[in-house]
Amino acid sequence: MDLKLDNVSHSYGDLEVLQNVSLDIPEGKIVCIVGPSGCGKSTLLRMIGGLEQPQKGKILQVGDVPKGCLNALTYVFQDFALLPWRTVEGNIKLVLEDHRLTAGQVEEIISDVLSRTKLSDFRTALPKQLSGGMKQRVALARALAVNPAVMLMDEPLSALDSQTRELLMGDLVALWERAPFTSVYVTHNLNEAVRLGHSIVVLSRRPGRIREIVEIDIPLADRNSSSINLERKQSQLWQLMRDEAIAADQELLIV
Amino acid sequence: MSNTNNATTSNNKVFKTVIFRGGGYSPKPLAWVGLSVFISLILMLEVLTRAGIITSLTMPIPSDVFWTLIELWQSGLLFKHLAPSLSRLVVGSFIGCSFGICVGIIIGLFSLARAGLVPLVAAIFPIPKIALLPLFVIWFGIDETSKYALIALGTFTPTVVATYGAVDNVDRTLIRMGQSYSLSWMSIVRKIVLPGAMPGVLSGLRISLAIAIILLVAAEMLGAEYGIGAYILQAGSLYDLERLFAGVAILSVLGVLVSAMIGLLEKILLKWRV
Amino acid sequence: ENIKINVGALRFTSHAASFVALERGYFADEGLDVELKFFQAAQPMAVAVASKDVDYAVTAISGGLISLAQKGATKVIGGALSEEKGIDGSQIIVSKEAYSAGMTDPSKLDGATWALTQTGSSFHYTGSQVAKHHGHTFKYKPLQKVGAIIGAMKTSQVDAWAIVPHIAKPLNGGGAVHIIGAISDYIPDYQVTVVFTSADNAANEREKTEAFLRAFSKGADDFNAALVDKTLGEDAAEDMIKLIHKYVYADRPYEKAAPSIRNGAMRINKNAAMNLDNIKAQLAWFKSEGLVDSSITFETLVDDSYVASQ
Amino acid sequence: MSNTNNATTSNNKVFKTVIFRGGGYSPKPLAWVGLSVFISLILMLEVLTRAGIITSLTMPIPSDVFWTLIELWQSGLLFKHLAPSLSRLVVGSFIGCSFGICVGIIIGLFSLARAGLVPLVAAIFPIPKIALLPLFVIWFGIDETSKYALIALGTFTPTVVATYGAVDNVDRTLIRMGQSYSLSWMSIVRKIVLPGAMPGVLSGLRISLAIAIILLVAAEMLGAEYGIGAYILQAGSLYDLERLFAGVAILSVLGVLVSAMIGLLEKILLKWRV
Amino acid sequence: MDLKLDNVSHSYGDLEVLQNVSLDIPEGKIVCIVGPSGCGKSTLLRMIGGLEQPQKGKILQVGDVPKGCLNALTYVFQDFALLPWRTVEGNIKLVLEDHRLTAGQVEEIISDVLSRTKLSDFRTALPKQLSGGMKQRVALARALAVNPAVMLMDEPLSALDSQTRELLMGDLVALWERAPFTSVYVTHNLNEAVRLGHSIVVLSRRPGRIREIVEIDIPLADRNSSSINLERKQSQLWQLMRDEAIAADQELLIV
């Protein structure tokens, strides 16, 4: 299943946030969206996931939802969004409970996703006992449990310290290598974008428009933190965005 | 592809709009509803009492209560009752709240004070003030002092609890920051702890002042000639429902006004809040 | 130079003697500069006398008053309201349902629920005397406030009550309750209310106390003549009612207040004389019910050196 | 360089220990202090009342109060008074709190309910329950119903306010998460909103139950023969200070127990909290 | 003024946090401290600043505090620690009010530090109106206002998004170039460490011990995000730390 954004625009009151965004998200690829603060990245992702309605334009699913998929468009949130009163297992069960699954099926799914995210030993832990990196792994496991057609990730690593971020990037690559998933990955971090994106969509300052789409051909598994090609791509992106990042940073917020 | 809401096919592919599943869980203000609920409730009561479906024993006719209020106002008695009540409210809750804030801050800052005073406050809290009325006469006499004392005692304990909770909630990194710049103890308390505790203190005041209004009636059991509480008590002892409800309506309006006032104060003092 | 004193009062017709004495200058004539202190209930007033916030006041004999006397704080020094055969006094009333269930006469009240404000109040005493007379047993219901009792009577949640005429008569007239008897038939010499003061005043301020009692009695005489014995004619009665209306039912129009005030007129003892026998009987009853300490003597409660016995 | 606290020199350089300027502002528990404050207060009162410096009119002798309590217990009357009061407390506050929680959640979830009910609750809050006593007799009779109703009404409003505040404070990202997994409305309310609001609801209950205890006295003004409130009222009307204070002490202990119970409940239900 | 840590050890109850840490912090240099989560970096920094007392060992100031220095050891906190009820100007004034300065002196200091941190236009803004990057600039301005002998920074950039982080790293380098300051800079982020540190102290897992001290000779101004030498240093550090970072991440927290 692909996704297609057709001329999407949106405003909050007088504040124009997105302007004529058209984009194709092909199956099995990771599309990264980067852009300065407040340019509407999160808004765009909420729209893709059906959590918000665009004022203009359409967001279309192209093709059928694959079989066995319990929740086609599945989010991974920046702040993990784990229920603090449920254990690791309970948090995953949460999203399976509304579907008619036998206890055996639920058990099977949970064991599977826990082992894929290397969490089997933490099944009965409460979120408060876990480090940030582990929490985000649980959120990933939960997302995988519904077998999503598209994973929508809004800065999933930005709440983590940089060492944990490095570890989780590796995990994401491994997960994708094992079973390629479609994903829209919003980030501020150009390093993450060049490490994980098959294509990188650069948005302008608010109102967000697409400035450029950078494709990276290197297979994910071959990219690593000190590859010179990636460094070059990252520098190129930074040159594109630097001035707008400065401007976005210096803007007074309306509160 | 003209109809965006249904599945359409082109090039053998199914196009389907992503369905919306967000929204809700974020109440929007609807100002007129509150007013209309009030008005329709009162109208309903008016009709039911006039028709006799609700007997005059159970509930007065709302318009009669209204006219009673008007009469009270025109006779000048309204002011005569309101003035002493307001002054009792202001003086009593001022004493109670300011003492409460001081004690609350001391509890918030010093382990010893906390250990000694918190259980005491917890034990005083559930004591009903009306049970102590006879003693208040002995302790504070029958003049304004006893009324002030009763309202002050009633507002003191909840203010203490709210204040030390607020001090506890002051961001400790801000305090560490102050220490890291070697600010004096007084500077830290005055410039960091106090403003940081302000939001909690104000929302505590909201409750304390509501309690003060409630205690007005108890306070005016003690030798009060005039006062909204005395007015209500007298109406109650004569089973005069119109005047009873008129008095209650005044207290209710007073409560809403006090709450609005605190809302205003919050807007002014806490405009730095996100 | 006048002596300043505080006199406690409730806004009832039964406190009229003080109002009259103040309005007609009898207190001033005795060199007393009186300030009236109004209360919502009798009990805090008694405590206020004990704490010397109030010098003199009038109230029914209650358990609280006796306790305060025991603590050496108050003394009864004179009589005020009393029952008298032939003059409307406290009425025994029953609720509508009780009436239709057959409680049409005090003799048929056995097993009735009798309303009280508080245990050890005058209502408790009157009820017990009615019950004793007929050999009834009552179930006593304390409801704290007169308003609550009226509500309970109107909705037939309690059966019987004895209350002053100015409350009983309008209720009876409105058909909410039935008057079935009078307390004066059971306690003919009932000393309903008494004048009391702090023990200190009684023992050490003889002149002041006597002055107060003289002025108070003068007010009582005027009141009795105008509204109880009705010997002064309708104009004088009207003047008296207008005077009292300043203090009682003040926020009601005169036309509405006048009948209530007229109905409430019961005799106030001449020269503040006391029915000592009845006071002794009341004290004995309080002791027998275990409401007050059994060691209290009559002398602890009453200083009978000021007024005559009746 | 043996003395570390003073400046020392070696190789012509001054060595100085960095001075400590942190610490404080984080109260440590000192359990014994609370108890000793209580004990010394009571001892002081004992001495002062025995010596007659505080007259028997002002304050009873603490040990007399204690013996009164013992007597009450030995005569079996303690239980006779406690049982009906506890049942009133439990039934009344159960009704008030459960209704309050329901209404609070509805207000928290639906804009319309919020707009309509919040002003109503704000207007009811400052109405003193004792002012309405005569009406309670008519509305609910003089038996247990009226006592339940009074306590229920008194606990209802604060519970509503606390609950909708708690629902408002439920992390919205958790709700969005639920929606993003297409959970049903009921699932979101049951599994996300309710547990998320639990901390706020429990701390609201702490206040509501304290109010319930305070209202016990008012409730037992209505034709109660037995009950701690009735016991206190009777003691007050007889000006029997020993029994008055004994009753007040029972309420105070009850308040502390209820608060401890909620603390326990919090420990069990909210062990997921950081 | 230099700082000297002499065999510092510390435990919280049974939890041993630091073990025999000895370290010299020379004047005018930036010393970065890196290490996995929970290894005691923040604890160590609090001790250096006098906010906590080490159980064993000593922390010494070597030499006199320079003249004109109002607060020798000055912190910059991860979460900015700005008073939300004071404006930018008010937040800086806060730390000057307890010293006896004339209004003119205060005004002069404030103008100076605001212009050095490019904040002159935001003098009257409240913190809530500022982006994260701007807030940390205010915190930096406040620290500069007391003319510190040593700046103690505890992950000062970790609450910022990576674009803003990039910008602020540039600002820090510029500030240091203009007037070299002494600093202890705690971070998780190896990229920050190699960009800003004259020497990098690598701590082991808890209990924190010094594993290695890596010196970098390249002048700060010559380092930039895509220099190959730095990449190599960073890779070397990551190799050193990777396994410990994984272990630290997977630890159940005691709560």
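The first chain written gets the first letter, and so on, giving A, B, C, D and E; residue counts start at 1 in each chain.
Definition applied: contacts are C-beta pairs under 8 Å (C-beta built on N, C-alpha and C of every residue); 3 or more make two chains touch, one makes a residue touch a chain.
Here the structure is a predicted model, which means the values were calculated and not measured.
The chains in contact with subunit C as well as with subunit E are B, D.
Among the remaining chains, those touching subunit A as well as subunit B are D, E.
More C-beta pairs touch across the B-D interface than across any other pair of chains. Measuring from the averaged C-alpha position of subunit C to that of subunit D gives a distance of 41 Å. For the pair subunit A and subunit D, the distance between mean C-alpha positions equals 46 Å. Within subunit E, residues 49, 51, 73, 128, 255 each touch two or more of the remaining chains. For subunit B, residues that reach two or more other chains under the stated contact definition are 21-22, 57, 133-134, 138, 176, 179-180, 182, 233, 236, 239, 274.
For subunit C, the set of residues touching two or more other chains reads 43, 47, 50-51, 64, 145, 147-148, 150-151, 154-155. Pairwise chain contacts in this structure: A-B, A-D, A-E, B-C, B-D, B-E, C-D, D-E. Per the touch definition, subunit E reaches subunit A in the complex via residues 36-37, 122, 125, 128-131, 133-134, 155, 158, 161-164, 166-167, 188-192, 225-226, 228, 231-232, 234-235, 238, 241-242, 245-246, 248-253, 255. Note for the complex: subunit A touches subunit D at residues 49, 51, 71, 73-75, 77, 79, 81, 83-86, 94-95, 97-98, 126-128, 146, 152. Partner subunit A is touched in their complex by these residues of subunit D: 171, 173-174, 176-184, 187, 191-192, 195-196, 198, 270, 272-274.
By the touch criterion stated above, subunit B contacts subunit A in their complex at residues 4, 13-22, 274. Residues 57, 72, 75, 77, 133-134, 137-138, 141-143, 220-225, 230, 233-239, 243 of subunit B touch subunit C in their complex.
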